[in-house]
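Look for chain A in each of the two complexes below; its partner is chain B in the first and chain C in the second.
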Partner chain A sequence: MDRREVLKLGTVAFAASVAGLASSHAQEADVLRIGIAAARPRHSDPNLTTQGSDNWATEQMYEQLVRPDDGRFAVKPEDNIPTLATSWTQSDDALTWRFKLREGVQFHKGYGEMTSEDVVFSYERAIKNGTNTTVMSNIADVQPDGRHGVVIRLKSPDALFLGSIAFSNNTSIVSKKAALEMGERFATDAVGTGPYELAKFDPNGAVILKRHEGYWGQKAKIGNVECLYIADTTARTLAVLAGKIDMMEAVRAPGWVDSILQRDRTLKMDMTAPGSFNTLHVNLTRQPFGNLKVRQALMHAINRPAVAQALAPMGGVLANLQPPGFPAGFKAEELPPELRYAHDPRRARQLLAEAGFPNGISFSANSSRREDYASTMLIVQEQLRAAGFNMDLKIGDHTAYHADNRSDKNTLAMHSSSYPPIPTQLYQQQLAKASLVKADGNGGGNYSHYGVAMPGIDDLLDKALNSSSFKDYEAICRQIELQVLRDLPLIGLSTLSFTVARRGNIDLGYEVKGGYARWRFHRATKRI
Partner chain B sequence: MGQFLIRRLFDAVPTVLLVLTLVFVAMRILPGDPALAALGDNALPEQLAAFREQFGLNKPLWRQYVDFLAGVLTFDLGRSLLHNQPVVSLLAHALPFTVELTIVATFIGVAIGVPLGVLAATHRNRLPDSGVRLFSLVGYAVPDFYLGALLLIVFSLNLGLFPISGGGVGFWDRMYHIMLPAITLAFLKAAFIGKLTRTSLLEVFGKDYVRTARAKGAREGRVIYRHALRNALLPLTTGLGISLLATLSGSVAVELVFNRPGVGTLLIGAISERDYAVIQGGIIVFALLVVFVNLLIDLLYIAVDPRLRVQA
Partner chain C sequence: MTLAADHTELIAPEPSRLVILRQVLLDRPSTMAAVALIGVFVLIATFAPLLAPYDPLAQSYIKINRVPSAEHWLGTDQFGRDVLSRMIFGSRNSLIIGVLAPLLAAIIGTTLGVVAGFFGGVVDRIISRLVDLLISFPELLLAIIIAAALGGGFWNIVIVLAAAFVPNFARVARAQTMAVRAEPFVEAAVASGVTTWRIILRHIVPNIAAPIVVLMTLWTASAIRLEASLSFLGLGTQAPQPSWGNIIRDGLNNLFGSPWPVIGAGLAITSVVLAFNLLGDTIRDVLDPETSS
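Up next is the complex of A and B:
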């Protein structure tokens, strides 16, 4: 064999290995692959997850006492459906909640039947060590009521307990035996009751799940789910276009949906409504924004429907802070005329003149470089310019941006966050006096100084948090919304759907309409 | 030789110490709060405070620096602030991918660049020479992340010949995954080495010993490869060292484009998340790699040039 023959043989062997490996990567009917927009997973313990993307896996592995139907939020308490609890009752004062647990629910990996002991343990660890201890701090105690019953007592009434606490990541029910046995290892080796169980947690970029054969409900139709972490948007997009993955977390930037659909018309887009709430904090301590007329001018200058349109089809219009369809969410036409703030640059200029600024005002503001922030703020900048506001926008690193906001270094601070249909959560985080921002970075998310620089909504918020009926709660929240529209410390800019691009051969088994930025795959089927 | 090696390693200590200090200071100057990055922008002040306490971020800076240096000396680079894992294990997983990418890219770059350089030098001012010079120009001009994306679209997306992302499992799968990223990096390397080989060879072609070899009737192949190319290797070795270091830094962008695991991907993620421990660990690894490559080049010099062998 001479050198030429060796070379030829090598070439053929290489080509054959490439072809073989390429075919081995082809689609498999029993595996659903989703491309996650992060570099690597952090945890699979629902009590610890702080990276939103990790919830794609936890959503498949864990369940709570109640949950809304797939692809929905429970907008009203009656929208919650029995899950690990089969029924429940609340006391008239909304302080005591009794749950009857489903019998025969099996934990993953042979950890036995779920009992009240596991539920009590799960709640107690969430109260003590969870990522949302503030919300959980309203729980006075959790007691077993026999082997298949639990009683939860609250410190303050909570008419929305099912949505605020019972259906949350932290209150996912874990196996007490597994958690105690595994200790720290539980953070990456989960044991829940969901339709999928953890097969492999690869800290370098994947969470692999397999069907939970002992699942109490209808078993998952696709046997395996692979959550593959692909942070780079180009790599993720190419992977879904090439069929290497079945779904991908979308890029939430103007034009992205159109551009990917141009490449492949068969792709489907699953979108939650509302998704993120994009709000704009007006720093009341930075002059002249302490002047109400200036803030009113700002509202008239910003064309909110245009902002939402620019983000289409992911963008949604906000007339106030809560989206239409959520408790205390208004449509523009439902608001008093003076609180609608239609886009009117001329009126904005007039208000500025009345406030003592006939030649307009100049100020600087910061924005994050992240696509959704930068694109929204650039649109706002252009709209403000037409009304006499000259905003010098400094766009920088996302992490630094949030740190600066937390240190009270911004004048107009955009904030994007997802909320369930529980309006008080937004008020507590972004408007309450207790969440006031501090220059040393140790404050909260009230960047406008509302409630301190001027009277705020704290009394109403207390009332809402102590109301024992959903009807009263909603009525008070509507009052809060109207007051915020009058005072204008915080502007609802738009909503932005969480979006997943899905290949046409995948059928989720339901339509995604709302909910958090994660949904279940147990009803999904795949055509090859 | 042993003494030479020990001396060079000692020489590297101040460099590494300086890098460690610079990285530590740069991380603390960089705006952004690691606690906020880890817990999210809705995190409560008490949660942030607890996080800072847990990871020692609330200690005085000098104390953090001393702890950091002590950790490095005992090979304890700490735990990732976000992934609850020792930094050493994250690096141990990532490093082989970066090293193998660098080696394969260098191999391809040399395998293409040297013959191209020889071709250009032996056909000076003719069509092959112009072709190689054009190739070098394009190689220098095209950014690696752009070329990577192009190759990805053509060979992975449209032709389906190569994987879109990942690093592969097992030797052959890893080689399959490495091809496009390595070719991307090798393109610039081949352009650089080709140009360098051409220049070095042209200089050597004018030397007496080459003329003598030709006058003695040696075959042209023997003159080029035995007499000229061997003597042109010295500047080529320097160039190869520079090119190796450039490949290491270039691997950061290429790993991102191809979504490959590696120290580059690890570092970029850690920087955006302000994961101090991982950033410091990653930079230390890069600094040590630079020291190692420089040492390797010194040793190669000795192997190539008998005069240096005597001095060493």
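Up next is the complex of A and C:
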């Protein structure tokens, strides 16, 4: 090989690498990568997802009859916009709901046009099985009304049907043909109607999506979405800083947002408000917490605004269980003075003394190791210490923590869950007698034993669930809130925004304001 | 003629070990430095409440994740707690666990090893297989398994680490016991009808003490390192109590804002572990000249 040949070879190699760079450049612009805070995906069937993070993929692939606009909840029924249904009517008693379906909607992977048969199938399977059968049990029947119409009849009236049932993961419309054909395989092989379709479900740590070319609406702008599972918080943070991923589920610990912004000022934070509702169940069967004075002391000892402030900018203050702006959400100044429970350690000690504990009390409680739980509980622990409550906190594995809570093994049990603006969902899950926790683990999420250890809000809840107007519904929910503040079985600690850190070159195409802990990418664009 | 008198004559006069130790210390500046460093940390741990500028548990929401300043020399953590104060109080955990765990392991391990080595037979086989089984796990793995089962907390870590170290002590004690058991003075004691337990306590244990003490010093360093590892993993010292391991863990959350908590606690662990290792090497050279390189 002489010198000229070497030179030629070099030139060719250089040209090839430049061309390669250019093409990988173009490819990069057409992929959106998000770092997911879990080790591996479990499901891609929206009726089965038990791991919240899996819904980042399902959110892109499925749609419901109606949806609120991207990045928000429907706070009022009229905030819902036509999606797979183009119009709907509700009977005066709020028992019968008629939907007219959009024509020409194509399923992914060539599974054909969506018809009323698919909608009936999707609803019926969610009533029978899945993660939301309690709420779904209010449906009496679902009938087709021609090829492009369905009628849904309820057992008891629900003026908020669109938000409580029609827009939920479980009532995503799936292809009947695909579901029957695939059987159990459907759990990880999705077929929906959304702007992205499943390209690859890798159980070791990724869900890969590509644009649904037959989408009925505006097609997705970026061709591919990769949901990459990176459970380790430091690894995920480094990946977003290095540009290996475009977005990441944030670390919801005090100071994290400031800390990462210090490192890269161009990052954007997408946050839902209110996000998660962080509540604290006071176990009424563990003494001395059966004593109202002790619970009042607890309430005065906990500095709820400080809990929210420590988690700034993600934390939000709760005056009661529902955040301000949601139905039945109060601002502190709207509450009767005796139910505001301002932070007052001295008053807490005084109440403890009146309850017969002049030297304070000691007890132990469990917390999850997940950063949002552990940091909130450590803050609460320190606040309680100043008021004479000595809480020995046992911090353990997240899954085991929930299993222990479910088996009635906790004294002060924190719970974090996000809810739509439908207050009764929280009451049903965390306060109702029907959801009482049981020692064998087969009970529900009422860890305080409210409604059993002492009279609860069950009658009011029934009334709220049977009201046919939104106004009546909200008025009863406000009564429930006040009674809970008087009885104190459940304390609203703070809200915690669900947060995603996004690199500055990604534009979502809309602003994230509220909604569940997931949002759509079909309007997103990427600058390279 | 008494057997006891003969026995005493069997032991050759030696220069006092303390004398040798002092000589070696003077000869090796590195060991002097190690001893000095350990001394400083012992003083810090002892007088922690006087030295720490703040309550190590007191949170402050207006001072979250501060960088080092005159007010907070190592900055504050994500709860606004003073990192320096947490490190000072954390030294107590590290040192006490570092000493207690090997001590406990030495007592249990030596007992097992001596019993196995002295009696032999079935007892030896049972104990030896058990020790083989335990020794096949690396210490950290064994500690993690036991800690996961028992949960965190001060005494649990001591138990966890002691359990992880027991097999090493048992193995050394057994081998030494077997060697000493064959010595004429032991045979003489047996022949003269001295009770078994008296032989073990008076003749065996004092003669195998040297390697056990060396092991204890060396494992002290490991115990401090393992306690930090377990606390880093969330299995050791439980929040809100400070330990060098969980200071690093908390510091990782804000590594980009201020790396000082991680660097400070990391340096503390490194220097104490190094100091104990240096001291251990020296003690080995003095007490157990045969095994030194």
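The rule is short, and it goes like this: the second predicted complex is superposed on the first by the 501 of 528 C-alpha atoms of A that agree within 3 Å, B and C clash if a C-alpha of one lies under 4 Å from a C-alpha of the other, contacts with A are read in each partner's own complex, and residues count from 1 in each chain.
In this text, contacts are C-beta pairs under 8 Å (C-beta built on N, C-alpha and C of every residue); 3 or more make two chains touch, one makes a residue touch a chain.
A quick note: this is a predicted structure, and the numbers were derived from the prediction, not measured.
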So, after the overlay on chain A, do chain B and chain C clash or fit? They fit
So, A:R523: does it touch chain B (first), chain C (second), both, or neither?
neither
Just to be sure I read the superposition right, which of the two partners does A:A242 touch: chain B = first, chain C = second, or both, or neither? first
If we overlay the two complexes on their shared chain A, which of chain B and chain C does A:K394 touch? Say first, second, both or neither.
second
Counting only touches as set out at the top, which of chain B and chain C does A:S375 meet: first, second, both, neither? second
* Asked: Thinking of the overlay built on chain A, is A:A253 touched by chain B (first), by chain C (second), by both, or by neither?
  -> second
Can A:G443 be said to touch chain B (first), chain C (second), both, or neither? first
Applying the document's definition of touch, where does A:Q309 land relative to chain B and chain C: first, second, both, or neither?
second
Once the structures are superposed on A, label A:R40 by its partner contacts, choosing first (chain B), second (chain C), both or neither. first
After superposition on the shared chain, which partner residues are touched by A:T133: those of chain B (first), chain C (second), both, or neither?
first
Min C-alpha distance, chain B to chain C, superposed, in Å, is 6
Dual-contact residues of chain A, meaning touching chain B and chain C, are 234, 241, 396
Chain A contacts chain B in the complex at 17-18, 21-22, 25, 39-40, 42-43, 50-52, 131, 133-134, 184, 187-188, 203-205, 228, 230-232, 234-236, 238-239, 241-242, 244, 396-400, 402-406, 415, 417, 429, 438, 441-445
Interface with chain A, chain B side, in the complex: residues 30-33, 36-49, 82-85, 90, 93-94, 149, 152-153, 156-157, 160-166, 172-173, 176, 256-259, 261, 265-266, 268-269, 272-274
The chain C residues in contact with chain A across the complex are 57-59, 61, 64-65, 78-79, 151-152, 234, 238-240, 252-257
Contacts from chain A onto chain C in the complex sit at residues 233-234, 237, 241, 251, 253-256, 258-260, 262-263, 306, 309-310, 369, 371, 374-375, 378-379, 381-382, 385, 393-396
